[in-house]
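Look for subunit A in each of the two complexes below; its partner is subunit B in the first and subunit C in the second.
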Partner chain A sequence: MASVTFSNVKKIYGDNEVLHKVNLEIQDKEFLILVGPSGCGKSTLLRMLAGLEEISSGEIAIDGQVVNDLPPRDRQLAMVFQDYALYPHMTVEENMSFGLRIRKLPQEEIDSRVMDAANTLQIQKFLKRKPRQLSGGQRQRVAIGRAIVRKPKVFLFDEPLSNLDAKLREEMRVELAKLHKKLGATMVYVTHDQVEAMTLASRIAVMHAGYIQQIGTPIEVYSRPDNIFVAGFIGSPTMNFMDGSLETEGELLYFKNEAMKLRVPFPLCEGAEFDRNAVVLGVRPEDVYTERKLDKNLGDMVRAKVEVVELLGHRKNVYLECGKSRLLATVPALFKTEEAMFLWFDMDRVHLFDKASGKRIC
Partner chain B sequence: MNSQVLLSLLEVLQMVGFVAFVTLWIEAYLYVHFNFPKKSWFLPAVLSVVPFAVLLLVLVAVGPVITVGQAVNIYLYSLLAEALLSSFFRYKGDKKLALPYMLIMPGFVGLALLIAYPLVFEVYLAFHDLKLTTLKVWSETGYLPFVNFEHFYDVFTKSPLSEVSFWQLLGRTLWWTVVNVFFHVAGGLALALLLNNEIRLRGLYRTLLVIPWAMPCVVAVLAMRGEFHSEYGFINIMIGRLTDAFPMLAQLGMHKVQWLSQHAFLTCTIINVWLGIPFMMVVILGGLQSIPKSYYEAASIDGASRFQKFRHVTLPLLRPVLAPAVTLGTVWTFNNINVIYLVTGQSGGTEEADILVSALYKAAFTFNRFSYSAAFALVIFVLLAVISLMWLKFSKGTESAYD
Partner chain C sequence: MTELRRSTPRFKWGIFAVHAALILACVINIYPLLRIISVSLRPGNRLISTDLALIPDGATLLSYVSVIKNTNFLLWLWNSLIITVATSLIGVILASTAGYAFSRFRFPGNKLGLTLLLGTQMIPAGMLLLPLFLMVMKLGLINTYLGMVIAYSVSSLPFSIWILKGYYDTVPRSLEEAAMVDGTTQFGAFYRIVLPLSTPALAIAFLFNFTAAWNEYLVARVILSNSAKYTWTLGLFELQGQFITQWGMFAAGSVLITIPVLMVFLYSSKWLVSGLTLGSVKG
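The block that comes next holds the complex of A and B.
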């Protein structure tokens, strides 16, 4: 197993720089997930690691060995593609053993590895079938099996679950988590689905517009997003954002806009540069309360008008209008909603960002 | 309006009637093909023609009432009529199918005019005797002597032309087909693989390479024949220049040759290979471009070299386009009269390059042995059908590689 290092990696297509000096360290046995909206460069980064795309500048190293000029076959990686890329003219067994046969491993070794992988993934029954005779989920398993038999240094996954339907995706997510535990392998996984990222990752790298926006464990990224993009991208439903300004009255700091005046009970970052007149307050829907809670550090009261209520079964989504901003609060399903409501934010869990740069300032 | 006009009108009507008849016959065939064998009355209908056949046989045996030829004719036409009538009644009962049948009718009329009518007439000719000496009688009285299988017997025992035998022609045709198709595929594959790379001016190369295929075959062949002319052709001129410039080449045995008379088969093969490559190239290029890139990426990561990718990914995934293309190419090459006739067909032309179909054409239109040629054509048709069916079965050409 192995670690992977990206240092100052750039990708340039013609005049278009799609990845800007990416630095990333992936530790041994880590499940690192690259997550971001489409076009953010996450797949390109993965394909550069696989050797399918040229590295415009910078270095990629596997286990300390720079692999920039190594062809894919010498990098000892295995990859699972979004469309699985199972060879349609080969049986499942032939698909899984192809890489081993190419490398001229002894036949007994090939057979035992294929059987092991098939047992792990429970696809023994399908070994003699062609990919076209399998369902999406079964093909997915075969694609993973093809990677496992290779015993690679690093597993690469390029949006492996996005071609599956929602229920199967959840099942496969659990399977993947189990697999990572069992194999204890280094895995790099690309997805645009932040739920996959949150549930599977040891660490998440959030990407946007060719930059890595934040790297951290899922809980770090969730509870202390570095900027507005990460705050808005991670978490479902999306975080609420409100524009406003910061004002000091005596010793106390207040966040103010046309609809609210909240005392900010925590200090701002030292040395953070921002415009006091244009800041953004972020609060997740589950941190919006519709009644006072004594065990929470709730802030000042905010008045809001109810627009729409959606019942989800266990929870209710309440869409509210509060000044110029729209807010979403998730409340218990039995909660009675009225036309106008009072809200409190959990002040331990609100975030302040500079509006111009998007950076966190608290 | 005189009687001549009336007569010719009548002939036209007869022709239209015949076409309509054949059209209905093809429809009936389709209907039989898809539906009849499942019906309960199918077997009795088939069996009912047996007593009729026996009756005809008896009539022939007893005496001078009808001849064998007439009996066969009556029998065949009554079979057709039965198929027609019974399908008509079935299809009247099934209103659902009426509209679809009407909609495909125009296509059937075209088929009937272009294929069915000539085919039926050919079968008729093959069993009668139309040649230069009987042509005049036939055009005046419409009478043609019935000769049974005599022409089919002649095909295998007498030379279709003046020297070569049927068996020589058959061997040469097979050799011609194998050599041509091999070079078509090899050349087409090589060019397609080159054109499938990201190279500059790819569109230009592709256009240039398709030209031999795009221009009329006759023009292309005649132009190429000019280049093989022993005195003024490009090839002999180049050979002359080369041997002048490098006498060593002449010592090695390089010299001008009479391409068209002494090496006619080789010349025809070179011309036809040149003509046939673009089609294969276009087909294979299409096949190559339909192979998803991710297979190659997966193979790269699995550790395959360029050659291994070609061997394990490209070739198997080209099979679904190659198999039908090779089948078509085989049929076209087997039946390729253009090149050989245009290169060797003039008066005094050699028979050295003739294959079955060009010999057939010469037998019919140079030697005026029409009925013999009709029988010859049927033999070739059966041969080709058998070869194609065997090839399709053997190559699994109709299976898709993807789903």
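The block that comes next holds the complex of A and C.
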């Protein structure tokens, strides 16, 4: 299969630079997910790789070969579009074999590849139908099938599941994971759904405003976000952020604000530049505890007022007011909430950021 | 259910009104045609009668026989057919590619070009007569099929381009992008994906060109002076002599010339079925 390299890739529309010097290495057989909020440039990046969008500056290479000037047909990629883009005047079978017929493969080869893909995706029954006679989920499978039969160097997906309902999306997510395992292919996948990103990716590239903010495995991105943006974007429900300052008392380091004084049990990054008087503490909702746990490194007690409680079934979301900050804690459903509560944070899993630059400092 | 029941009667009235209007329109359209047929069937001595019967007393096909035998009617029909078919084909081919460029590519003058094309449609045909004549004359194509085809296609091209451009605009771009990633060139994507999906618009453009060229008189009048190259419009008016007009032959000729148009319409109606793009993309 293939690797992909973006070096200093820029995209400029008119005088609007939508991608700024993107550098990204995608390894062979990797399932790389580009994730980020709407308008951050994910599709643009993918379409530049596909050859559908011009590269303003920089280089894109597939398997070491620079493809900037290759038309899409010579890049040996296959793409699954958000709207599926099935050819309406062709049957499912003709849709899937289109790319192979263009390339004049022998008919037996075409037939066997189409049958294989149809079996994998369980769409044998629909081969003679037109796309308009299929449901959304079935069209989705056909679109994926059309990519598989090509045996491309790299698969590109642009939000392929976003038009499906929640249940179908979950099913297809599992199937895509299986498919990646089975084909062992390089896949680049765009989504703004961080659950898809966390569950499918070998590595995630988090994008924001035309920059890649962080690249790493799902666990890395989740447990050590490089900056406030990534911390807030990855994870659901989102991380709690509290403004405060850092103070040293003797040997010990404390995070302080109007509602709390917490000892910071870990050292800060060496060489990190930040303003001690304006830092941000990040705590994920699941790391907020409402009772002492001896097996956790819980910090000092924090007092908070309960605002709203949502029962989700197995868990409860408790929205709290703590000084000037709002907090969300997810607690067991049986937990009894009162108006005022005491909280503890799992201090091994909190994050500290510089407020001005947003960068991680611990 | 109750919702449905309550709305049904009103719905039926609507349908009734629509049908009544349609039937009225049909009658208004068909009546003159029936009269023409009736006149064409009258025996020679009763042409100017005020008889309103559709099949006149002593109905006869003599007018048909004489228009075919005594005039160059079949030749005129042949000339018209060649010029019209060539015009329609060339018009559709040029418009389909030009419309694609206007729909898909951004180039300097895209907007201006479209506006100018529309502008040419505002000029009355009569005013274009002299320039068209001069142009064809300069090309040395007076009294030729080619001269007629050029004159006709340039005048119907703008409208066809607009029709096709408008239709291409509704074909999702992602279809062509998918085709190009699948291995076609840009032209391949146009030819294999966009064109087959645009048959309704192509058919409309073809029909428009066809009827416009088929029924044209003025331009033919100035470009064709040799009666061997006459189209049927010129030929039939020839029958409108200075002293007597041969109404029987005129009517018979008129009935005959509707036959090719009718056939073209019936044949192309199957291409007019729209909604082909349905189901290509979501929803």
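Note that the second predicted complex is superposed on the first by the 362 of 362 C-alpha atoms of A that agree within 3 Å, B and C clash if a C-alpha of one lies under 4 Å from a C-alpha of the other, contacts with A are read in each partner's own complex, and residues count from 1 in each chain.
What we mean here is this: contacts are C-beta pairs under 8 Å (C-beta built on N, C-alpha and C of every residue); 3 or more make two chains touch, one makes a residue touch a chain.
Worth saying up front: this structure is predicted, and the values here are computed from it rather than measured.
**Q** With subunit A superposed, do subunit B and subunit C clash or fit?
**A** Superposition result for subunit B and subunit C: clash.
**Q** Should A:His192 be classified as contacting the first partner (subunit B), the second (subunit C), both, or neither?
**A** A:His192 contacts neither subunit B nor subunit C.
**Q** Mind telling me which of the two, subunit B or subunit C, contacts the most residues of subunit A?
**A** C
**Q** Quick check on the superposed pair: does A:Arg203 touch subunit B, subunit C, both, or neither? Answer first, second, both or neither.
**A** Touch partners of A:Arg203: none, neither subunit B nor subunit C.
**Q** Kindly classify A:Ala50 by the partners it touches after superposition: subunit B alone (first), subunit C alone (second), both, or neither?
**A** both
**Q** Does subunit B (first) or subunit C (second) touch A:His351, or do both, or does neither?
**A** neither
**Q** May I ask you to decide whether A:Asn163 touches subunit B, subunit C, both, or neither, giving the answer as first, second, both or neither?
**A** second
**Q** After superposition on the shared chain, which partner residues are touched by A:Asp83: those of subunit B (first), subunit C (second), both, or neither?
**A** both
**Q** Once the complexes are superposed, what residues of subunit A are shared between the subunit B interface and the subunit C interface?
**A** 50-52, 71-73, 77-79, 81, 83, 85-89, 98-99, 102-103, 132, 146, 150
**Q** Can you tell me which positions in subunit B touch subunit A when the two form their complex?
**A** 292, 294-295, 297-305, 308, 312-313, 316-317, 319, 401-403
**Q** Quick one: in the complex, what on subunit A touches subunit C?
**A** 50-52, 71-73, 75, 77-79, 81-89, 98-99, 102-103, 130-134, 136, 139, 146, 150, 163
**Q** Would you tell me which residues of subunit C are touching subunit A in their complex?
**A** 172, 174-175, 177-185, 188, 193, 196-197, 276-282
**Q** Residues of subunit A touching subunit B in their complex?
**A** 50-52, 71-73, 77-79, 81, 83, 85-89, 98-99, 102-103, 132, 146, 150
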